[in-house]
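A short write-up of the structure that comes next.
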Amino acid sequence: MTDVAAMLNAYPRERPQVNDDLLVICIQEALNCAQACVSCADACSADPSAAHLAQCAGAALNCADMATAVVRVLSRSTPYDADVTTAALRALAEACRACYGQCQKHALELECCQICGDACRRCAQACQRLLRQG
Amino acid sequence: MTDVAAMLNAYPRERPQVNDDLLVICIQEALNCAQACVSCADACSADPSAAHLAQCAGAALNCADMATAVVRVLSRSTPYDADVTTAALRALAEACRACYGQCQKHALELECCQICGDACRRCAQACQRLLRQG
Amino acid sequence: MTDVAAMLNAYPRERPQVNDDLLVICIQEALNCAQACVSCADACSADPSAAHLAQCAGAALNCADMATAVVRVLSRSTPYDADVTTAALRALAEACRACYGQCQKHALELECCQICGDACRRCAQACQRLLRQG
Amino acid sequence: MTDVAAMLNAYPRERPQVNDDLLVICIQEALNCAQACVSCADACSADPSAAHLAQCAGAALNCADMATAVVRVLSRSTPYDADVTTAALRALAEACRACYGQCQKHALELECCQICGDACRRCAQACQRLLRQG
């Protein structure tokens, strides 16, 4: 359990017309996705057949960095700007899509890629839902 | 629910003598702490009496940045180095201690500081437990 | 002086059709922008009239987080994906635009906002140039 | 050229007894180190003999994450706390030491490891100088 929902409710928001549940889910999925991606990149690098996993490791690190940034943007209400939020969500959705695509290729051989791919898919869906609703 | 434990179990680890449950708890507390701190800093800045909350906002941002870095260090098994891990956990514990101290001063007036202070305290404790056990 | 150009030349790249000079400039501007934004947000929070600067502090932190993520995405060649890079550059350009707009309002009273606003403008331009060229 | 020095001088500091030149150098070295490490980890992962470079890639990513966090802590004056700063600098110095050690092993074969190792060494030295002076 996280404090995401409690924190969002702890102070008056400037963020208009945003479905709070979708926002909380998106922040939680992005937090989880960032951690899974860092761990997956580490596992991919350490695999004996590492060279062919390099693209997967890199895509996971890109996704982790974008998810970390977007968690923070979504966690701030005061500077809310619809264009910033939209572009940030799109960038994270693209990074999740790319990492999911790489993880899919290795999901049968590597358990980390299966877990990480699922985390990316859920995170991308949470971003898309927030984008449609915004 | 996060994928932290599943990811840690998805590939052989180099990390010796580490209690897995304590490690998972520490990563989850640090993920939660980072998000709570970013949100708390935003709330503190936006408070009408913001100037006297500036130290609290800054301490929360320091804590968020350190927690984000330590989540990642703890999520990597391949480059495990006891001295790096120990110094990183100590740095996060200090940042949590400083933010907790600031949040305590405002916990009665600001709900965000109460939630964030608790998150910092739990995260600092998880770091200390991992340090003692390492 | 940074090692950005030297590092980009130190290994074979997968990144096609990218002007190296524009890429190096964009990474350097984003590194500088991230640091200036963190510092500016701290200065804005600490200002005696902090409450009216809260939006500026928040916009600067959003921009710092996005710039930090994009530096990393641009620094990786192996997982190069045109759609990820494009969306990331657009997200950073938006965050720079929002922070520049806030900083402009305070540039005459606060030197930090003048410096930070300039850093954001240069970073946004470097992103736009890379987007046009991509 | 960065705006690090200009930003530090743009607002009154709470940071006592800190040599400004050493602080500026440390922030700049950490910014550079973070970028070099991300790029080096990418190059190491993509090398045909990647598996034996996995520790190097991981150490570089740990160092990048710690350097990114410490740049931000050092860039904030308002929440200055000597214990937080000291622990953060020590953690970065350890991460630089570990990455330098890994890069040294591959510096003759891989140019990225030579550049990145140098960047880590300079960053560790800048941290140590700031620690001695604090």
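In this document, chain identifiers A, B, C and D correspond to the written order of the chains, with residue numbering beginning at 1 in each.
The definition used in the following text is that contacts are C-beta pairs under 8 Å (C-beta built on N, C-alpha and C of every residue); 3 or more make two chains touch, one makes a residue touch a chain.
Please read all numbers here as calculations on a predicted model, not as lab measurements.
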Seminar exercise, completed: Of all chains, the one whose CA centroid lies most distant from that of chain A is D
For this session: Name whichever of C-D and A-D has more C-beta pairs touching across its two chains.
Result: C-D
Exercise. So chain A and chain B: same face meeting same face, with over half the numbers shared, or different?
Worked result: same
Exercise. What whole-Å value do you get for the distance between chain C and chain D if each is reduced to the mean of its CA atoms?
Worked result: 19
Problem set entry | Computed distance of Cα centres, chain D from chain A, in Å | 26
Seminar exercise, completed: Multi-chain touching residues of chain C, meaning two or more other chains, are 38, 42, 45-47, 54, 57-58, 61, 68, 72, 76, 78-79
Exercise. Can you list the chain B residues touching chain C in their complex?
Worked result: 38, 41-42, 44-51, 53-54, 57-58, 61
For this session: Would you pull the chain C residues touching chain D in the complex into a rising list?
Result: 2-4, 6-8, 10-11, 14, 27, 31-32, 34-36, 38-40, 42-43, 45-47, 64, 68, 71-72, 75-79, 110-112, 115-116, 118-119
Seminar exercise, completed: In the complex, the residues of chain B that touch chain D are 54-59, 61-62, 65-66, 68-69, 72-73, 76, 78-79, 81, 83-84, 86-88, 90-91, 93-95, 97-98, 102
